[in-house]
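Before I ask anything, let me first share the structure, which is written out below as structure tokens.
Lettered A, B, C and D in written order, each chain numbered from 1.
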Amino acid sequence: MAGFEYICNRKKDAVLVIGGGVAGITASLDLADAGQSVHLVESDSHLGGQVSKLDKLYPTDHCAFCLLWTDVKKCMEHPLITVHTLSHVKELKKESGKYSAVILKNPHYIDEKKCIFCGRCVEECPAGAIHPGWEHAWPPSFVIDESSCTKCGNCAEVCPSGAINMELREEEINLVVNDVIWSTGFKEADLRHLKEYGSGTHPDIMTSMEFEDWTAEGGINKGEIVKRSNHSVPQNIAFIQCAGARDLRMIPSCSAVCCMHALKQAGWTKRRNRTIDCYIFYTDLRTVGRDYYRYSLREFEGTEIKLIRGRPGLIHPLPGGDGIAVQFENTLTRKRELRKFDMVVLNGNIQPSLIQYRPGQDEKTAIPPMDKEGFFNTESDETSTFACGFGLEPADVAESVIQASAAAMGVMNKETDQT
Amino acid sequence: MVVAVWSGKLIMLEKTKNIAKQILEEKKANGVLGLMKNQRDIVQPHVFKRLPELDALVLEPKWLLAKLSMSILRSSPEGYRLAVLCRGCDERALIELTKRNQIEKENLLTIGIACSQEQAAICLCDRPYPAKVDAGEIASGVDPFQDERVREFLIGNDKKRMEKWANVLKRCIKCYGCRNSCPICVCEPCKLEDDVWVQRGDVPAEMATFHLIRAFHLSDTCVACGACQEACPVNIPLLYLQLSMRKTLKEKYGYEAGLDPEKKSPILSDFLKEPETGREYPEWINSLREKDGH
Amino acid sequence: MNQPRILIFACKWCGLIGADAAGKKRASLPARFRVIPVECAALVEPDAILRALAGGIDGVAVLGCHSGGCRYNNANHASIKRFELLKDLLDTTGIGGERLLLSFGTAHEYHQFEEIIENFFNELAALPPLDPWLSPFGVVS
Amino acid sequence: MANITVFLCRCFGEIDNAIDFDLLRKELSKDTSVSSVSIVDSLCLEADIEKAASQIKETKADRVLIAACPTLSRGNLPVDGLIKEGIERHKIDLVDIREGCAWIHGNDPEGAVKKAKDLINMGLAALQHKEASKDMRVSVHPDALIIGAGPAGLAAATSLAKTGFKVNILERASAPGGMLRLISQLYPTGEDAADKLNPYIDEVENNHLITFYPQSKISSIEGCIGNFTVQFSSQGEDNSIQSGIIIIATGAKIFFPTGLYRYGEIRNVITQMEIERQFLKGSFDAKKPVFIQCAGARDKERPYCSTICCPASLKNAMRLAGENPGSEVFILHRGIMTPGNVLEKYYRDALSMGIQFICFEEEKPPMIMGNDRVEHVEVYDAVNGITRKIETDLVVLSTPLVPNDDSVRLAQMLGIEVDRYGFFSESYPMHPLETKMDGVFICGSARWPVASDQAILQGRAAAMKAVSYLRQREIAASTLSRVPGPKSGHARVVPDSCTGCGNCVAACPFEACHLEKLEDRHISKVDMMRCKACGNCVSVCPNGSMQIPEHNYRMVGEMIKRAF
């Protein structure tokens, strides 16, 4: 029972969790529930990460926010979790088994604890720099976008609850932590230098995250599927899988989540507007999780999504800007085709968000070893690194959450080993 | 023809008497609940305990014995077994009562008698026979929706029907006869006596609540015996309220009250866990059209 | 002009979020609806709906979570069949099943809530008034 | 007579811009149940909450009604603040007059005032009828029980033991290891399965906190989180243990493809497990092996991908190719399922080793040709559009994992659910290892087919989830909530009026209700540890004997009456 008592009474040094997406939130909550104090660092204004940018989740077609929201709220209100939003880890040094960290915290000019969401500041802002976080962010508060803010101070004058203080400056927080969990998640890679995908050449050629945002129920189009170029309803949409992924020029690995993501997007497109034809250009349709294969069957059969095995060789806007030409070979019928699409969604170009960093590149930041593609390499590190989520390996929500709990367990076990 | 009907009825009665006799002789039950015609020609329910009594056993008129058997069994000592002469609706009511733990299955025996075609027509019964028929010829069921009287109340636009029903229900004198005669209504206290749901002291009873709450509470248990409307002193066709709900349960969920003692009512289970997977949401549900969930 | 009144039972984890968001966006809806927050759509007793209709409320909306999104292990879906039967009963008696709106997972955004309630107001306005059903003593207003 | 204090929050003018508070106050003071009405600037600020609390104490108000913004904005702040000040939760009610009234009806001040008045009236009604649910505390037995000693179970056990908890492991077989004992090497590292397994087995043997029960069979599981009692027999001896939580790591079994691809009828058509068994004995001689994927998977009967068969085939194909120089290895597949960075690289390795991949379609499966032993395989190559005849001396069928035979029985004992395929299912996607029963966790292939490294990860993750419960000395039923904050209450039976019809038992999605036999009748009982207060039982109870005190029918009825 010694260990039991030990855990109950432990209030030692904290654990630092870097990244406030689903994985980071879960790891923090697990540790905090086990009695460990946690510092959670998130670069965005609210917790939630990439999942907060998703509209629906496969395979249950849940609204992403609904799943996330509960845990975000628990995290914000947990007495053992200190959440640092708009923050970065500036320095992280390992000294005698512990880490000393410097966190650079950018000011929330609007105090989340005081903002009553009345919106008077939004009306007064001449630069249009004030907006809510994501649609269902917790706590509900407005955020000032620093890049467009002119610091005129109008907002502070009209704020009835005195939540706005433009005088705030960034601050540095020094921490000593026992362990670090990396849950830095993914970002979209720039596809522009793979010319055949035509990324950036036409407003209707989007990446899947852009498409998700563009068509989200809570987004600007309220769930309507329209073209970005002229707001008309597209006749057909091409979902291009493995764009940049499974491709040695850019991302050699399979991003694991994109097949299901495309099936989900195509399915929801069909659900919202039956007249739109959806084509998915795939290499292998990888559906390995619970109900994933069934989901693919259902989306395929029930909603007449057309699946084409083949990777387009060229995607190019048509002259005059009306439509996009996609040239491809259907490898199951062995026919070469050139077809006009109204919208093209590029799927697969996601990679770990820390890919541009390299261990040792920045001496002040003890980034754990990574492989060439930017995934953390936990096995080779003897001092044991704890990582979870997409930064560890391509993972969807369920897997990320499992990895997060496992990483938290790793921290717990290591802590005990030392005593 | 008349003779044939008569002799048929006599054969049925003799057969029933023989079964009852056998039960009493073999001590399968402590008593047989049935109808007795006494010396003054008055028919009343009676628990037959001795063989000679059985001479007075009669089968007519239709008299629902389910609730009575429940009270007898409840007030009897442990181990008391009762055999009940029951028609189709009566048997279904007994099954519903067993499902609801009001009667213990082991203490009950049924002697099933089939109703005549005329009786079926009077009751608008779609199943005028018990699952276990011991005596009588099985008559064919009547589709209540084909009956003119019923159609009058179920067809027509909303406004007309609303007025039709409102006019009928206005006659209500709130005697609670419908509830008291119902073989399934066993709750004590009853929601109809609670002024949160039904205003007390109102006559006619508050219509949308009193009648509809009563009807809805029986949605999945009503065995269409018609006892409520037989008991109604002002002739409100209360059975007609149940018909469309019974139809929905039968057609969409394959459920009929009182048929299968093991089958739970579908309204207790999750929509997604229906045996037929891939079930579509009813159209009227404004929903994300999740076809089958997970 | 018929001015229908609506009672909304909103699940705290879906419909109510939409209702709140509609408020935050300053959506403008007629002030003739009232919201009763509930833990889950399963908690809404059909009797309560009848009670509301008997009290002179023209329509009742139940807003719940969508399939699989229920925090109570799909408890919301258990209520579908109950409401299906209730609709039958309302149809039989001429009150009209249209007076009961059941919506799962479609009201969690402000515009969806707005749309649903607006449509419901319009639908109810087109229905004949409930007057014949309201007994002289039972009206509560 | 009720003595209710009403606080009207101005919200810095956001609310009283649209709603005339003076009018409201006048109306409210007519209500005999209201003892005082105060208008405050902003109830969500700490100073104001304190002021309000002291005012409540001074006036000795019974109950408090706050008219402000909804819980999902800042309305929870005054409520939580007052609770902290010692006022009971059920004596406070919050009415949303900002989002739901002032803001949404900003252009209809008359309607807004009327609505605000009605809403506050409804709130007053609610307050007068609200009752408090009882709570219950269960002391937590600090031991953990793990069912199954495969990689997932072992990982969970060792993690928990390292953290300091006593662990009991029940295993059907006579030794730990599960399916890892049947295979030789692991993908993608090529590590020996035994090497992976041995540290765990050592830990199980040497750690005094872990007790291993081989050859055990569970006969019953009773209780709820904090205190499960499990009856089982181990090596023929009956035994019983108690545990605070249960982790299910029973794994899955391999599907035997009898009748498929002439398996069982013809020699040299074997399954992956048989080839693994050969590898455990030593090397294996095959010059022209053909692997057929999805044998019995992704079809009508088993419409799922079993996750591990593609990488397993890659592993064995590469091993055969490596051990038999000059051999020609084919993999016939319906799409190679190697998601992620590591497995994708593994696939590339296989390609560069010269293993040939042929994609076939579900409708045109490969044909096994030959009389008493397989001579060649005929397959329609979907990509090249030709039928190919592959000479072969060995056909290896990749079969899926299927659920254990007794998984349904175990699920029933625990009150958890299995999915349509028979694997244990989680109840909420963001918590993939938690089931609908608190304190019962699932991991490894019992949940969904996974490879050993994933199973180990899940085992550790499940252990982490368990720690948060095990570390508590006692658990209050009200904290076992699926929503932010505590539960909204517990269902309560009125025993006098309960007819024992069993509707609630059938309807409860958490199996919290059960019938109890009294002398002359049955009545329903609610297990508070399981009840989540969804209210399903309330709606199916024929006479209102089942109620959630915080949301009882009197309150709802009264609110409806006052709604307009």
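Methods note: a residue touches a chain if its C-beta (ideal position, glycine included) is under 8 Å from a C-beta of that chain, and two chains touch if they have at least 3 such contacts.
Keep in mind that this is a model prediction, so the values were computed, not measured.
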Chain pair with more C-beta contacts, A-C versus C-D: C-D
Nearest-to-centre chain - CA centroid comparison: D
Interchain centroid distance [CA atoms averaged], chain A/chain B, Å: 60
Cα-centroid distance, chain B relative to chain C, in whole angstrom: 33
Between chain A and chain C, centroid-to-centroid distance (C-alpha), Å: 36
Multi-chain contact residues (two or more partners), chain B: 191, 196-197, 267-270, 288, 290, 293-294
Residues of chain C engaged with two or more neighbouring chains: 13, 17, 24, 26, 46-47, 51, 66-68, 71, 74-75, 78, 82, 105
Sites on chain D at which at least two other chains make contact: 72-73, 419, 425, 428-429, 483, 507, 509, 540, 553, 557
Chain D partner contacts - residues on chain A that touch it in the complex: 1-4, 6-8, 22, 26, 30, 33-35, 57, 60, 62, 67-68, 70-71, 73-74, 77, 114, 116-118, 139-140, 160-161, 246, 252-254, 256, 284-294, 297, 309, 331-332, 334, 371, 373, 375, 393-395, 397-398, 401-406, 408-410, 412-413, 416-417
Of all residues in chain B, those that touch chain D in their complex: 74, 99-102, 186-191, 194, 196-197, 217, 264-265, 267-270, 277, 294
For the chain C and chain B complex, residues of the former touching the latter: 46-47, 50-51, 53-54, 66-68, 74-75, 77-78, 80-82, 84-97, 101-106, 116, 127-128, 130, 132-135, 137-138
List of chain A residues in touch with chain C within their complex: 60-63, 65-66, 70, 117, 119, 135-136, 140, 217-218, 222-223
Partner chain B, residues of chain D touching it in the complex: 419-420, 425, 497, 499-503, 506-507, 509, 515, 520-522, 540, 542-544, 553-554, 557-558
